[in-house]
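Note that chain A is present in both complexes that follow, paired respectively with chain B and with chain C.
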Partner chain A sequence: MKLKGLQKTRIYTEGPGYIFSPAALVVITLIYVVFVASFDKYQVLRLVPLAAYPVFLAASADVRPGAVLRKIAAASPVVLLIAVWNPLFDASRCEILGLSVSCGWLSFASVVFKFALTVSATLLMIAAAGFDKVCGALRALGLPDVLVTQLFLLNRYIRLLLDETHNAVRARLFRGGRITVANAGYICGPLLMRSIDRSRRIRFALACRGYNGSLCHENKELLSLCDKLFVIFWTVFFIAVRFQDFICASWRAILRCLG
Partner chain B sequence: MSPVFEARNLEYSYSDGTDALRGLSFTLGEGEVLALAGVNGSGKSTLFMLLMGCLEPSGGEVLYNGENIRDEVRFKLRREVGLLFQNPDDQLFLPTVWEDVAFGPQNLGLADDVVAERVASALCATGMEALAARAPWKLSGGEKTLVALAGLLAMKPRALLLDEPSAGLDPRSRLNLIKIIRQIPCSIIVATHDLDMAIDICDRVIILKGGIAAGESRIPGLLHDEAFMQSCGLELPLGYACMNRGPMLKRTSYF
Partner chain C sequence: MHMADALISPAVGGVFWAASALLTIRCSSVLKRSDGEDKTAMMGVLSAFVFAAQMINFSIPGTGSSGHIGGALLLSVFLGPRRAFLSMVSILTVQALFFADGGLLALGCNVFNMGFFPCFIAYPLIYKPITERIGGRRGVFAGSVLASVAGLEMGAFCVVAEMLASGMTSLPAGLFFSLMMGIHLAIGAVEGMVTAMIIAYVMANAPDELPDAGAGFGARALFFFALMTVLLGSVAAWYASADPDGLEWSIDKIKDVPGLLLHKTGLHSFLYSLQQKVSFFPDYSFKDAGVPGRLGTSVSGVLGSFCALLCAAASGKILKHRKRRAK
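And then the complex of A and B:
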């Protein structure tokens, strides 16, 4: 049953459309990812204000933070495996807010934090707009049709693959079988063949209804005034955070207040 | 006037060498409803794939409107002929019922308002209007079949190929489907084991056996020939079986 839960590629409760257009969300999320990635590997604290964007998205799209955190946790082992080498190879030390810390651990934290920010923003963008509408927005923003269709199909085929996996696992478990590393091959092989066969039938079904290579029929969505203001506001915020160290300034202000 | 479909000595073998069809010939006239009956594996679904140009025949030919199915004919054919798959899950692929039904008309390049009108009319014809905003994979089996059929009707097809349309439906859904199919004004081929349905909606029947047409007749014709039907691995339709054998179940005393 846990496996079935993975099928929900939207984190999301179905409801009325998001207040901002998918195109605005795609644009601002792309800008956000670029800004997050642009920070130096030791500037962990300066990333903190950027958490405001995913928090805003989660609140405005009514997505439970726990759902986002679970998705991030599912993808985190790969990043942790990459970042964990930083403390080993970078033994130098630096000073942050008056404290001496290891640069290796600082860059480790930076990689993990950047990953959490960018992945949560992307997940929340999909949660707010819906995957299909994001595809439509990408198309409206000029991404080639073939790439958008690939993305669209990928999302659909994930659902089919999970369906087939669920059926194969259930069929085995219901007959008293167990899933172990040793017999995983017996499940994966037929599963692959079944998935190929299923996707072939779906391709035939699409072709039989005049499919000519493009699946996204969404109308090109233009940015409304509200969308433009949304994009401008957040872009200005990101620029301000990028070029102004608010955390350091706040820290100094606190120290001044404390005498 | 050319028949809608004409198969001439059609042959098809799978990649493992198994023969699915071995010289099948038939025609489908304009406005005709033809039943294809046969046991599992007799080549009904493969025949539909060949008719739609999804598979290439190993021998013989398929003519659509008097023309051999080549690339340009195939393109036209797929805009004018709808295929209802045996498993509607293979056909329903888009996020909502509305979008799925609209998929065909959009591929025809129709204007948005025409697409909307066609979708509304197709959903109305199948009684699925209330489900327009639902996700197709959340529907029941009967609803999925009707939504898949609506997706074909929205293209205003000249012909329909229905692959086991009543398979897995409860009696009421089956009856509803039969009523809907009866009202569709186009040529139809129905591949089915449901011979009662074939009697209800079809003009003619072809019995497939081992990849060839073992028999062909007007309805009911061969369908009440018990010896022939059994030689083809089929049972008599329920009505004839009752007439020939009396009540199927007799109450007996347990004591």
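And then the complex of A and C:
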């Protein structure tokens, strides 16, 4: 991902808060990802009903679909590069809804669709709940304090250091030079030393404010009744989609209606 | 090298989640006991530095392509392997949550491939011994390049194995392995060079900033691996495939070829009969047919591991003795 692309994180601007708790969102998103990944590589049509969850999240959290789609497109080349070999090496054919299709293309579509579903659910979880609240939920769910503090600090300083890095790279390019292996050390080295200096100042500042090893103090009840119902509803829906082929059943019903 | 959720199965993702979670908990508890908060800020800021430095793509001369630093080895040098591992966990988590680079289910795989190998294998077993032995800038360059290549190659190998085990790709295993290992050999070499240049820059301008990060494995870690060896040798071995391995399969296919003689010539038949006499556990089971097969498998697995340990320890002793004599 390009440097300037990283700074476009507008969809993560902290909002007024989501109707369900971050812990409920984390739990249900994890369950969702496992259910999506559990489908066979040829079961592309059976994945379609699972798109309901990210659509619901985007609508209820008021996130613009364009912003999520741009992020998915930016991260997709690696998955496309791996999935594109499937049609070349898998020439067998199978029948779907009465049509004979190439299994390779089916598995390609399945991988790409799974990628879109899992990535959109993850991004929307952060967009809906906010990173800090997700970190608080992770801590409440048992993630070690050291790691949660680390995630907090990393989130705080990424943008700061990205700005510095951006300036260093721009200065180099404006002087007419290119960044090569030979001079990469002279760009990254000073950046590293400035980062170490900054970490020292932060350490003193934290110590002055009575830092006791944890930056997260949220200790609210994990899941309310409403959150539990939210998790149960979506889990039942995922189980139903996993064990029942709604698309085929609908297709058969349509054919029956048409006579 | 980031794996996406769409490329792995829940079984593979779950196994690596468990492995990475165990490592994370272990590192966290050790760090919690070891010191206070004096390095917490440094961990956070250096993780952000690695995150930002990964965005600096430098052109690779003569190839027309570009690369960037990996970061795990650099973090290990400045923070030590455990802190570096936790920093990599946080970097990969943020990349998955914010930038769709990786995934929630694939997080365990990514942490293992890009955190465990460079922090706990490449740094303590390759980088440190080389830099200590050669010393100076040359040592840093040799250590960085070799450790980066080894760490990346191990990670790339694991990526292919995880994807093939998940069954999401139709790429033939041989082709996939050769493509991934080949490209990561070049990437690892360039990453190693840039990492070495950064360390050399700090060495030249602020040598006090380079700490002695300490070893990656302690007595408890050795105990853990010993326990895992016993469990794998005694229990997991029961579930090993009974099918012939690649070499046995090939021999089996060609043994009826006219003119090919197996165990029939003088030296071959002598060695074959010798092997039959000295092997205590033929085909990993007792010679006595009355003993249950699983017991034979377990005993041969544990004894075999113990013999391998003895051989390795004896070789180490001999080499140490020879080194002392040479001095």
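Note that in this section the second predicted complex is superposed on the first by the 194 of 259 C-alpha atoms of A that agree within 3 Å, B and C clash if a C-alpha of one lies under 4 Å from a C-alpha of the other, contacts with A are read in each partner's own complex, and residues count from 1 in each chain.
Operating definition for what follows: a residue touches a chain if its C-beta (ideal position, glycine included) is under 8 Å from a C-beta of that chain, and two chains touch if they have at least 3 such contacts.
Values in this document were obtained by computation on a predicted structure and should not be read as measured data.
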item: Touching partner for A:Ile202 - first (chain B), second (chain C), both, neither; value: both
item: Chain B versus chain C as contact partner of A:Val119, first or second or both or neither; value: second
item: First (chain B), second (chain C), both or neither touched by A:Leu147; value: second
item: Which superposed partner A:Arg156 touches (first chain B, second chain C, both, neither); value: both
item: Which superposed partner A:Ser21 touches (first chain B, second chain C, both, neither); value: neither
item: Partner chain(s) touched by A:Gly210 [first = chain B, second = chain C, both, neither]; value: first
item: Touched partner set for A:Val111, first chain B, second chain C, both or neither; value: second
item: More chain A residues in contact - chain B or chain C; value: C
item: Common interface positions of chain A, toward chain B and toward chain C; value: 156, 198, 202, 206-207, 211-212
item: Chain A contact footprint on chain C (complex, rising order); value: 2, 4-10, 13, 24-25, 27-29, 31-32, 36-38, 40-49, 51-53, 55-61, 67, 69, 74, 78, 86-87, 89-91, 93-94, 96-101, 103-105, 163, 167-172, 190, 193-194, 196-198, 200-202, 205-206, 209
item: Sites on chain A touched by chain C in the complex; value: 1-3, 6, 9, 12, 29-30, 33-34, 36-38, 41, 71-72, 74-75, 78-79, 82-83, 85-86, 88-90, 104, 107, 111-115, 118-119, 122-123, 125-126, 131, 134, 144-147, 149-158, 160-162, 164-165, 169, 178-193, 195-196, 198-200, 202-203, 206-207, 211-213
item: Touching residues on chain B, where the partner in the complex is chain A; value: 49, 52, 54, 78-79, 81-83, 85, 87, 90-91, 93-95, 102-104, 106-108, 112, 137, 151-152, 155
item: Interface residues, chain A side, partner chain B - complex; value: 130, 132, 156, 159, 198, 201-202, 204-212, 217, 219
